[in-house]
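Encoded as structure tokens, here's the structure I'll be asking about.
Chain nomenclature is as follows: A, B, C and D, assigned in order of appearance, with residue numbering initiated at 1 for each chain independently.
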Amino acid sequence: MENKIRVTIWNEFRHEKTKENVKAIYPNGLHAVIGEFLKETGDMEITLAALDDPAQGLPDEVLNNTDVLLWWGHMSHKEVDDELVKRIQARVYLGNMGFIALHSGHHSKPFKAIIGTNGNLQWGREQKEIIWNLSPSHPIAAGIPEHFLLESEELYSEPFYIPQPDALVFGSWFEDGNIFRSGACFIRGAGKVFYFQPGHESCRSFYNPYVQRIIKNAVYWAKPNDSACTIADKCPHITEPVINEFSK
Amino acid sequence: MENKIRVTIWNEFRHEKTKENVKAIYPNGLHAVIGEFLKETGDMEITLAALDDPAQGLPDEVLNNTDVLLWWGHMSHKEVDDELVKRIQARVYLGNMGFIALHSGHHSKPFKAIIGTNGNLQWGREQKEIIWNLSPSHPIAAGIPEHFLLESEELYSEPFYIPQPDALVFGSWFEDGNIFRSGACFIRGAGKVFYFQPGHESCRSFYNPYVQRIIKNAVYWAKPNDSACTIADKCPHITEPVINEFSK
Amino acid sequence: MENKIRVTIWNEFRHEKTKENVKAIYPNGLHAVIGEFLKETGDMEITLAALDDPAQGLPDEVLNNTDVLLWWGHMSHKEVDDELVKRIQARVYLGNMGFIALHSGHHSKPFKAIIGTNGNLQWGREQKEIIWNLSPSHPIAAGIPEHFLLESEELYSEPFYIPQPDALVFGSWFEDGNIFRSGACFIRGAGKVFYFQPGHESCRSFYNPYVQRIIKNAVYWAKPNDSACTIADKCPHITEPVINEFSK
Amino acid sequence: MENKIRVTIWNEFRHEKTKENVKAIYPNGLHAVIGEFLKETGDMEITLAALDDPAQGLPDEVLNNTDVLLWWGHMSHKEVDDELVKRIQARVYLGNMGFIALHSGHHSKPFKAIIGTNGNLQWGREQKEIIWNLSPSHPIAAGIPEHFLLESEELYSEPFYIPQPDALVFGSWFEDGNIFRSGACFIRGAGKVFYFQPGHESCRSFYNPYVQRIIKNAVYWAKPNDSACTIADKCPHITEPVINEFSK
């Protein structure tokens, strides 16, 4: 048990309570559905967290025991506490936690702060999307074919003002004439970050087996390394020249 | 005159002689049309070269006086002399020449050798293409809007087995459901390389003002630097420790 | 005059007033010295700004008329106003301004926020540094030899927790056994950012001709593009399918 | 047994037969030492191959059953058969094999062809080297401290004319004033490539536990993905629009 990846799935969790069409698709919240398919791996211990939970769902005892944090937010980005954002950002940079932003999480405070972006993109009506596998050798693309279809997703379009990713794994085609860099890896500090575009609250993408496989792969990829480095949250002062170690 | 960028435009130049529909669009070869619009800058000295010219158009006196080489080839890639490819590759790596591969040049010997790729992609019928500007701050995107349309281009589709580019400047949407990384920069050795997808022989893309602007921008970007380094085509042996320079 | 690059050099400007050894080297502040050598280009209009100036030196009428902002801060990073940081960050992301962080600016609020880093590194005593040119074809390396020496600089050492740069232009060797990625380019949003390591207040690096050339090159490189894109500080809603433009 | 990673270690294997000082360190060849420590993982099936073996050690039945190929060559790069190089390159690009170049393998035909580089660097006398961990979150850096020492290695120095790596994992400091990008990952086609600098034939680096750990990590990292893509060695012609799949 102690070797399982400790995954926390944070969801704004408001649309599912207030909109009938969303509730019909994700009655217990979309984070619950994500938790279900991640549990299937047998390798992950799942915690669900929501904006309206105490401490916005991420008190120290949860955050400090999270190996990979998934984040879905949409209408209430501004309500997320700035101090919480700093704790998340620090934990990623220090290599203690991976971070996965889903769909409208592109505009969430933690994604923007961690990556260094305003997260801006263009968006439009729900429509057909085709996701192309741009990097078949990447661990997050394991088991994913050359392309797959989503019957209906919200249009997200370039220009998407992210930095050039460390690896661009997926790109998307949309019916109305748009393209989007829909699956992108970033290394920030000693931490790993993945952004993945599908997952609008009124669409069924989190039930798609390829979407599920990608998110599973991303958790394995983003989990902290077996690192032998001590990473302090400061700039250490070197007082003894490294070359002196040769004579030891 | 001596400060002009010396641009050589290499064209396979066979379709234009044998196919009526191509001849109608590019009567003197597509390289002639490219040469015309590059001349408009007033900064470039243009040389046209073709596969069936003596020395395949690139004898030493031409190649060794070229700052930027543009390359369009299609059906006859295999006829290009392997020794010529090595001379082109070496000149780019040593920082003496930039290289721009156009359209079907993705499968040309010099592009593949310089970049380190098999150049493979998928292709299909001529159709509508929309080119998206993914990097408005890149010099090659200067003057290019967020997106522009091509009424008819040959379908090029992912997966395109290029290495992740040093800068991905343009991406394309195609009518049939495909996307493509259509404008990509690569640094190789001390040289700069740009790949650009439009330019099928039976389409009119080289008359498109945005396509023209992009190719002009790319020539400025790819030209050799004002370098103060001597770059030898070998591995120099250091016999005097660099730190001894401190006491000089 | 109207075509000059509008450069603002922001300096914390306190060491030069309080420490005799610093005052001796930079009597009017190190930003004044930087301003002098940038003026030599004839292409730049220089504004000096300091932390203790009104509006911390960057009121709207200054910031909104700056094409490239240079930043040197050290002991007083925390005093920089968070709202000012947001204005700087937004201006870079929207492609209206380049940003150049010098030396201890690695830990400044704007550098950290723009890039997405905690800026952490290791540091130590002043010593010999050798700067290696890793990318002779990069515009910022124009005119710079394979390597050059600094008799005395503050030790900055890896691990430096920056994201992998879009281009790594310089790397440094230090006497005590350390290395450092000392010249690094980042694209963030539609803006360009350069970090350069030399420039400790008690060293003379800003008088070194290669350091001066690099900073000049960096200003030319970082200035905003001739962009044809309108970049809004929001996520535009697309209401008309792009493909409809084909029939216009 | 069938799930083990099939690792082939190719060694020029001539210095060890002709030079007494090399024979003393690696009596059965340095590939034998590498094979021994890789076997300790329990996950790898090792094949040793040498230049003077039949078919230069890599007949089809060996190469086509190799998941990761390690390569050490030095004086006899030119003797390696060009057709063998093409088979290696194709196997990597198609995602069937990872490739790890060790030390002087930077100038080997397969490394240069796969990566797209002339492999040039500077070199000098054996001396003290310090290897710095630039990317603690990278799988190849697992278990590796912030830095470690090698008492004696051959000097390899920048400028090293490799393309910017997809991940720069290690950098090195040398006693004489030089630095070197000593551990670098490249994605080429659907394959993974790692270059690692230590391993001169007259030095003992392959006995260093950190060097051993890095090479073990690199094998795990470079092995082919569980890919669901069929990757053909050609440009497939799409005859049926992808969007038609929506109506199926």
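Methods note: contacts are C-beta pairs under 8 Å (C-beta built on N, C-alpha and C of every residue); 3 or more make two chains touch, one makes a residue touch a chain.
All values derive from a computational prediction rather than experimental measurement.
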Item to check | Comparison of C-D and A-C (more C-beta pairs in contact) | outcome: A-C
Checklist entry - For chain A, which other chain has the most distant CA centre? => result B
Next on the checklist: Could you work out how far the Cα centre of chain A sits from that of chain C, in whole Å?
Outcome noted: 30
Next on the checklist: Counting only Cα atoms for the centres, state how far chain C is from chain D in Å.
Outcome noted: 37
Checklist entry - Among the residues of chain C, which ones contact at least 2 other chains? => result 130, 133, 135-136, 146-147, 159, 164, 166-167, 177-178, 187, 189-190, 229, 231, 242-243, 245
Checklist entry - Does the chain-touch network form a line, ring, star, complete graph or other? => result complete
Next on the checklist: So in the complex, the part of chain C that touches chain B is made up of which residues?
Outcome noted: 95, 128, 130, 133, 135-139, 141-147, 149, 151, 166-167, 187, 189-192, 224-231, 242-243, 245-246
Checklist entry - Can you list the residues on chain B that touch chain A in the complex? => result 130, 132-136, 146-147, 158-159, 164, 167-168, 171-174, 177-179, 181
Checklist outcome for this item: Seen from chain D, its contact residues with chain B in the complex are 90, 93-94, 107, 113-124, 155, 157, 159, 161, 163-164, 166, 175-178, 186-190, 229, 231-239, 241-243, 245
